[in-house]
Amino acid sequence: MIDFQSILTSINEAVIHEKDKGKIADYIPELAKIDINNFGIHLIDSQQENYAAGNSDEQFSIQSISKVLSLSMVLGLIGEKVWKRVDVEPSGDPFNHLSLLELENGIPRNPLINPGAIVIADILVSQLENPKEEFLAFVQNIANDYTIDYDKEVAKSEKRTGFMNFAAANLLKSYDNLNNDVDVVLDFYFHQCSLSMSCAQLTHIFYMFMNHGKCRRNKAYLTLSQVKRINAIMLTCGFYDEAGEFAFEVGLPGKSGVGGGIVALLPNKFCVATWSPGLNPKGNSKLGMLALEKLTTQTELSIF
Amino acid sequence: MIDFQSILTSINEAVIHEKDKGKIADYIPELAKIDINNFGIHLIDSQQENYAAGNSDEQFSIQSISKVLSLSMVLGLIGEKVWKRVDVEPSGDPFNHLSLLELENGIPRNPLINPGAIVIADILVSQLENPKEEFLAFVQNIANDYTIDYDKEVAKSEKRTGFMNFAAANLLKSYDNLNNDVDVVLDFYFHQCSLSMSCAQLTHIFYMFMNHGKCRRNKAYLTLSQVKRINAIMLTCGFYDEAGEFAFEVGLPGKSGVGGGIVALLPNKFCVATWSPGLNPKGNSKLGMLALEKLTTQTELSIF
Amino acid sequence: MIDFQSILTSINEAVIHEKDKGKIADYIPELAKIDINNFGIHLIDSQQENYAAGNSDEQFSIQSISKVLSLSMVLGLIGEKVWKRVDVEPSGDPFNHLSLLELENGIPRNPLINPGAIVIADILVSQLENPKEEFLAFVQNIANDYTIDYDKEVAKSEKRTGFMNFAAANLLKSYDNLNNDVDVVLDFYFHQCSLSMSCAQLTHIFYMFMNHGKCRRNKAYLTLSQVKRINAIMLTCGFYDEAGEFAFEVGLPGKSGVGGGIVALLPNKFCVATWSPGLNPKGNSKLGMLALEKLTTQTELSIF
Amino acid sequence: MIDFQSILTSINEAVIHEKDKGKIADYIPELAKIDINNFGIHLIDSQQENYAAGNSDEQFSIQSISKVLSLSMVLGLIGEKVWKRVDVEPSGDPFNHLSLLELENGIPRNPLINPGAIVIADILVSQLENPKEEFLAFVQNIANDYTIDYDKEVAKSEKRTGFMNFAAANLLKSYDNLNNDVDVVLDFYFHQCSLSMSCAQLTHIFYMFMNHGKCRRNKAYLTLSQVKRINAIMLTCGFYDEAGEFAFEVGLPGKSGVGGGIVALLPNKFCVATWSPGLNPKGNSKLGMLALEKLTTQTELSIF
């Protein structure tokens, strides 16, 4: 029997004394204000026992982590048809690089890079009557937590400065792989990325990816086959051009965001989330990566 | 309890009636002669029980599958220092593409693409007195099978036609990431790729990757941590630019070769090898991919 | 003494009987309507003698040819400072490719590819009070022809469909190389491209590039040094990824547009414009290229 | 009447006092030994009058300048058929970059980049009985100077260290665009590049490119049409990724080499060569570029 609590406590102790805590993403003013000394970690196991250390209840902007949630909602709505518009291969490129999108004739390499997530957002805009409200309700329901909300200041801020995303959306449009107006799709996309959550809340949602698609109240949101595929995509594509490194060092499916959050999971065993706003040069949380390495080293638990 | 034997039998029945069996790699004359109707599958479980169907004892050229074995030998010899000369990220490119090599200043993206495997071969040439003999002995020992051998005709044939590999090796040399003569390194590399094995023999070797680094006679060749890392690299980089697809459809760490072989494994559970010489457009065995999809669908076993 | 008139007449005879007249650009509906059998040619020599054949007085959309005119206006306004924001190297890429823009950190390769021309348009928007009016006046003054005008339908049409240009402008913005709003810059840019002119009118404007920067009324718009530089840029960058071919086959500085126009010139000798709406696969007028090859072959006049 | 002599004298005075003389190419040991303070310039006009200043009679390694000469010999031997194996477009890439070669399916972008020149060398190896002897005789005959010779030490040195060229040749071979053995072709290529000449000797050869293909003794080596095409290629492709800049600043067809030589010409007017071994970051002679800028500024002579 693994003593998760003492492991999390010792990890917290270890990482908060690291000198180099990375660099906060400063292109979104709201993110730039956060104290770099924050660190939190929360773990939920298959018995729904919860373990935590540090600032695990403080909310932060989940950013790209939301891409897994929008992909899940789309899979529930249109199923495998989504793969006609986006591929499942790792890109080998930084998160906002546009050239591979072109090479593949308008089909983004996978749904966890920005151009792919924008295509996913476009599908939701087409499928839903009130995309922002319905997506939020989808997330709240999985979490069974109706306090979760968008951070409208963050969304507005990204809208003002997200020129790379406007470039990607227009490029997709030029390839006929975006059905709605660029502005409408990106308004939804920026809201989706602005979701605020704590480590605890993140694990309460991603619990379903370790639990065959069923949330904590045992309601099924995805089939087992869909969950396995999303886990596979997280493993191969979840960490920008550091996905190989994360699989190698940590060995769990997971997803990071530039807000400093990381969520990861071991099927049938546990789901864990970390948060620390300082990023490494690849755009992933520095202390978060370190904490998850320590977790899988100490528990000897990984999918490999 | 899963009845592996009847599953393999039914898979064999199903795939041999497929009309489209892919296309045999014709750039190596020796491979071009093989009958496209061949199909074999062999599985060994954690109890060392063996199951098989089709031409599972016929030998074929393992080609790129050998890259996992040379990497394993190097890890045993010099440990983690190898990662200074080769990275662990998926390349997102076809198997013999050179441009990403350049982008990264002479550091190949991972050890399972050709330029990466050539660097690994260079390390073995530096470390071993008789590289060809000692590498063969390493492989035979793991397998506990001293009949395994190089196919010298295949090796000679590749030497005559492997201009892309000569290009890659010279490019590495120009970046100072190749210490020995191009001709010496490639002579070893072409021999390594020419190893002939059956599906059964392949699983007898790759058994150690599902068994914490220990071979069937319980001798340790790799540490648990090293095995996990190799499994992670196989998952993210083992299938050229179809690695994401394989993780998504099959969900097992594995490696393919242009000779039509594929080997894959589920840690602590089983190791499986398939062989069918017809390839899909990405360079992976068409029937082999199909067979492994069926295997993980029917058994519901995958790392995800 | 060269008999330009009979040469133009014979060229017109020859090219209108070509079977393969290329393919009309169909992404702008207004261009798609044009009759592919149109061909016109007009030449003005250093003595201001005019020669013509075919539909040389019919107006067409000059499209990318306008990039030379906006560059000229910017050089007059801010001089060599423009080269801090755009380079002068051939791109080796199709006209709307984005990747090289990225490689160079937001500095477009030259002012005659779309991203470069968008930067030039941005400068005009910053420098002028009423950009559209003042740019039109600039062009009319050089031509001494106040009937020249924008085609508002074409401009509107491009605004609706020019997603690749919106992508390029947003990418420039993300690199801080666009000072004004994307929509404002592109509105100006699409108008600039929509200018309607005949072959005759084009030569009356480009006369200044063969006449040391002075228009037909001898007013100087550019210094000799500036003219030489613009001619050099036209030669190396004026024909998308067919610039080398044009220099090789024709040997004159020039610029083409997807409306089917081409203008070219021999310093101190003549300026010539052709129009035929069918394009070759590289985006240049098929009959126009052929006509200019014949012209320089028959006259033995070229800069080389 | 232009006083070339006093212009050359004043240019020599000006440039030798430049503080930043660039950096000597150090990858060929023989080149690394040269004194960076060397500067020479030689000009021959259409009347065969000669003007010179500085170390204009000192010999240096002409390196890539030789690519124009091998191309000329090939055009004489097989004519326009050469364009089936090499294109005429600027590459937009550094001189030894391989990726564009791949994009174009084995057809190098132009004959003045390394892979293109290697294809040209391959043609000469196929066409000639004693390639090295016959090519040298071809050059000596044009120059009417039988002292010109290869520098065997330089050739040997490049053979030992030219891994990028071995990579390029093997890549061409893999695309079936190299008919002879890599070693044989490169042995010829390295000799060709090792030709030693002075500025004076260079102008005596390149005189034919300003004189309709005829050498100083009025013997025709190329047709007028072939000369024009080679001049066009020099203008668009003669200076690596600085070709646009050279056309823009100097405005003459020309070719540079990493030995520090540059040769340029104005059809019917003059041919000029400079030498100074310090290179700018693009691989072109720093003082040579500066000297030629001054020459065309002061004489107001350029093709534009």
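Note that the chains take the letters A, B, C and D in the order they are written out, and that residue 1 is the start of every chain.
One rule holds in what follows: contacts are C-beta pairs under 8 Å (C-beta built on N, C-alpha and C of every residue); 3 or more make two chains touch, one makes a residue touch a chain.
For clarity, every value in this text was computed on a predicted model and none was experimentally measured.
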Of all other chains, the one whose Cα centre sits farthest from chain C: B
Chain centre separation in whole Å, for chain C relative to chain A (CA means): 47
Distance between the centres, which are taken as Cα means, of chain D and chain C, whole angstrom: 32
Averaged-CA centre spacing for the pair chain C and chain B, given as whole angstrom: 55
Junction residues of chain A - those touching two or more other chains: none
Category of the chain touch graph - line, ring, star, complete, other: ring
Touch relationships between chains, expressed as pairs: A-B, A-C, B-D, C-D
Residue ranges of chain D touching chain B (in the complex, touch as defined): 97-99, 102, 163-164, 166-168, 170-171, 173-174, 182
Residues of chain B touching chain A in the complex: 87-93, 100, 109-110, 224-225, 227-229, 231-233, 235-237, 241-245, 247-248, 251, 253, 267, 300, 302-304
